[in-house]
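Heads up, the next two complexes both have chain A, just with different partners, chain B and then chain C.
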Partner chain A sequence: MAVEQPMRTPAAASGDQTRIHNIGYRSYDGPRLGRSYATRSLYSQSLRGSYGLGRSVKSKVLPMLLFVVMCVPAAIMVAVAVATKAKDLPLDYTRYAIVMQAVISLYVASQAPQSVSRDLRFKTVPLYFSRPIETADYVRAKFAALASALFILTAAPLLVLYVGALLAKLDFGDQTKGFAQGLVSVALLSLLFAGLGLVIASVTPRRGFGIAAVIAVLTISYGAVSTLQAIADAQGSTGSIAWMGLFSPVTLIDGLQSAFLGASSTFPGGVGPTNGEGVVYVLVTLGLIAACYGLLMRRYRKVGL
Partner chain B sequence: MYDPTVARLTYRALLGRRRALILGALPLLLIAISLVVRALAGADDQTASDLLGGLALATMVPIIGVIAGTGAIGPEIDDGSVVYLLSKPIKRPTIIFTKLIVAIAVTMVFSAVPTLIAGFILNGNGQQIAVAYTVAALVASIAYAAFFLLLGTVSRHAVVFGLVYALVWEALFGSLVPGARTLSVQQWSLAVAHEVAGGDMVTSDVGLTTATVLLVAVTVLATWYAGQKLRSLTLAGEE
Partner chain C sequence: MIATESLSKRFPRVTALDRLSVDVGPGVTGLVGANGAGKSTLIKILLGLSPATEGRAEVLGLDVATKGAAIRERVGYMPEHDCLPPDVSATEFVVHMARMSGLPPTAARERTADTLRHVGLYEERYRPIGGYSTGMKQRVKLAQALVHDPQLVLLDEPTNGLDPVGRDEMLGLIRRIYTDFGISVLVTSHLLGELERTCDHVVVVDGGKLLRSSSTTDFTQITTTLAIEVTDSDEHPDGTRAVREALHARGVDLLEGGGGLPGAGHVLLITAQGEETYDLVRDVVADLGIGLVRMEQRRHHISEVFTNEDSRTGEEQRKEAVGHGG
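Moving on to the complex of A and B:
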């Protein structure tokens, strides 16, 4: 429709050489889906991306593999429980994520940089912010997507255990209670790990470096804390064990669930935190999640990287 | 076989800007923990051995090895700037060898030196424990750097695979399946450390001969194959 408009008043134009051509561009007058729609799209796209859906085959391999590795032990436990007609599952619902923490850490480490570092490296963040979404929407969408992906990863084996336990005709009330407690604990774990992973990953545009940094924070802190706890246990200073647990994400969740969610602690000596200390655990966990959210908001306040 | 310019660029890529801080944080943490443990528990050979074996050799050395080994070449291949290096009249194996030297040096400085310091803090090198684990860290640095450098040239997800090897294979399978320990850099380096330290504090599941042969074989083969990979490198776009 690039029809040049005829000049209307040649007489008036004689003194003024500037003129505007209307070349027929039209403005968009369809429905505008708005901010919340854009946020939802970003959320679902990030969530799918966390499992490699909608991406190349190569990038599906690792998340899917880790997902399978998470679920297979649960299936084996159920099979054993059914075959031996056991009264109880070999592993508590709440303990499962703690035992499999290496796999969960690897998943966070591989998917958190995938979620945010690539946007930074290819400078697509400014493009997102040229849409109606704002900083808070971007952060919330990414945070929620990674937390949901982690929740799927950690809750799926619990579901396998629960369904298996019911099929094996274990006590319904007991199992449901344990399952619910497990779900609460993995939900908190997902939020915490997702927050930490995203904060670390959003600092570096290099994917490889982000992965190493996330895994270092999660594993080294756990290794350091559990070594110190073992030494404190050997020294007989059991009072300090619970306080040390505050300094690594895994032991934080472990202490929290053994204080309030009826889990047996994996701390050396099997002494979990008392209820009073448990309150501190809850506060620290929630504080850390909030702090991660705050740090992410700060990180993305300036759009130009 | 060694090109100073490539080495300088690799050092800058590994330690430039804030990266040295992250690499330096791990050793500092180890030394801080050693100080705390020494203050809490006093000098104890078993504690020192547990801490150096469990935290320094099993976790810190592999992670620093992954960062240095894959970081020496991975990012360059990733962002495509490796073509500028490859288009220079330098042999590809020379590039790999230089980067390997740098990666080994960085891994040693950031893992073996703090291990030695931590060992002296923990029990003043009683029963040669500090020296033994330092030797293990030095030996392991070479093999890890070569292996992870190879991974860096083979895969775009080198860091993940390196960590899967270090954390899942060596730590998880190694503790569950005894056979997996035969194929673990950590156990090979422990075998060498056992020979150096003598005593019973440092033990390995692998004999010294097997360990040495496997260490040398892995290092040489990985370096050679990385050189071959670099000769026929195809640059893929980001997926």
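Moving on to the complex of A and C:
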């Protein structure tokens, strides 16, 4: 097969050469939309790619499956709430993403390397930089695309819950407030997870390493922090629980939203950070997102042609 | 198209470009040099991706230091290395690259279909690139460089990894980029021979310095030396000698063959005076009843640019030419 191909190609090409000549080359005089359009194109291509759109069937399976897994519990809760005429949803909007954090981590781990490691591995990055876009445009497009993909993943079940709650004729004001708080929370979570995932994935052109590293960072840190918090709780040193929460992305979001977004904390003992501690949570979260962006910029400054 | 003025690029340990001043006009221009001669560095600077240490360069009249993005919008680039993701189709990939160059979605799709057809990719373009042969991949790489209808394309070693047939096709395609599409080309290669057929103009760099820049016709002034190779027969066990004697008898003087080189003894070199010489050779060979293996024009080769630097004699240069030609 491999031997046949070069034999066949020239034959086909020479046979068609007359046809090529007849059609002739048409030059392009239309608009050239420049750098910001190119950045947006990269954004939409990367966002679609995060759900396997425009790629092979095989690469659609996992993201689509995880999306369904995210939404099914929400649909079940809505069904239960409607059927039992419950006064409230079984789970808070802000709590949903924390409960489903394993699914979200898995999604980041699979899609962050897909987004950046592939470009490194197949050396498509230099090709992008031979176009009008600059390093910063590439980083911003990739960051925004993965954050948007994560937001879609985490906000969709909240939307299911919200629509369901309204159908079940639950209190409109309460539900809208809870939904809005949930959206803010998952937006921050999306930015943070996307940043961490991309920084880790952009270090290696090997997709497998990227997946393993992202899972390790997200879940091991969460496991370690939860365990330490439980130990601290058992030993009665409740004051340190909140500070430990700063050291894993999931507990960081958890603490932030229980301090400011009216969420009930999942920390052992149910004691979230106070408002003062909550400010530190916000600063750390925003600082981490900014640091991820800065690291990505540094990383791609070196990846030239 | 391209103008550089004492352009230098120094890295901590090496000097990649050393006060290179060169002017490239429209047409197909070859950039020749050994590996590490500074070809890729020059391309990077021309695309505005790497600042020059000193000196200046302009592409399409735009300064590379300040107008990088504008240059990259109007220039196509085909990298030397592999750059194609294997799990998307050629169409999908080239459409994406067209949009990355600023083409609106509809135009991107139309131009992709056109360009892929021009480089010779048909039904295969809907299949994932991972299953393509090297030749097909090179075509996709070329297509992504042409899809936005640039005014100039920079092709970095486009014939790398291709078999002789694929090489010839690629060179033919490169020629057509200028003659049929009207897009000027800067093509790099470390093989001098393959560029002389394709380029109007050749720039030779070595160690980051300009060695020579002139049009291909200057390099290959047609002296129409004919190379003749014949078979032997029972009647003439040494066909080459028989032809040499027969030609001598008819008053055609033989040039000094490429003595010493293996196989060179079987190649006869004569100076063609015009059409008659071809007929004469044909008749002589036919009369002797032996086979004519080849009769071809042999021009001066670009490789001589290197030997010209030394003060060698013409004789030695000709030997060099035979060595590269055979």
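Convention: the second predicted complex is superposed on the first by the 273 of 305 C-alpha atoms of A that agree within 3 Å, B and C clash if a C-alpha of one lies under 4 Å from a C-alpha of the other, contacts with A are read in each partner's own complex, and residues count from 1 in each chain.
Assume contacts are C-beta pairs under 8 Å (C-beta built on N, C-alpha and C of every residue); 3 or more make two chains touch, one makes a residue touch a chain.
On a predicted model such as this, the values are computed, not experimentally measured, just so you know.
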Chain B versus chain C as contact partner of A:Y28, first or second or both or neither: second
Touched partner set for A:L106, first chain B, second chain C, both or neither: first
Which of chain B and chain C A:V163 touches, first, second, both or neither: neither
Which superposed partner A:A232 touches (first chain B, second chain C, both, neither): first
Contacts of A:A213 with chain B and chain C, given as first, second, both or neither: first
Which superposed partner A:S56 touches (first chain B, second chain C, both, neither): both
Chain A residues touched - chain C or chain B, whichever exceeds: C
Touched partner set for A:K123, first chain B, second chain C, both or neither: second
First (chain B), second (chain C), both or neither touched by A:Y37: second
Touching partner for A:I133 - first (chain B), second (chain C), both, neither: second
Contact residues of chain A, present in both the chain B and the chain C interface: 55-56, 59, 118, 122
For the chain C and chain A complex, residues of the former touching the latter: 40, 43-44, 47, 49-50, 69-70, 72-73, 77, 79, 81-88, 92, 96-97, 99-104, 107, 111, 114, 117-118, 120, 122, 128, 133, 135-136, 144, 148-149, 163, 165-166, 169, 180-182
Complex contacts: residues of chain A adjacent to chain C: 2, 5-6, 9-10, 12-13, 16, 20-21, 23-28, 30-35, 37-38, 41-42, 45, 54-56, 59, 118-119, 122-124, 126-134, 304-305
Sites on chain B touched by chain A in the complex: 19, 22, 26, 29, 33, 36-37, 40-41, 47, 50-51, 54-55, 58-60, 63, 66-67, 70-71, 74-75, 78, 156-160, 163-164, 167-168, 171-172, 238-239
Chain A residues touching chain B - in the complex, by the definition given at the top: 55-56, 58-59, 62, 102-103, 105-106, 109-110, 118, 122, 206-209, 211-213, 215-216, 219-220, 223-224, 227-228, 230-232, 234-235, 237
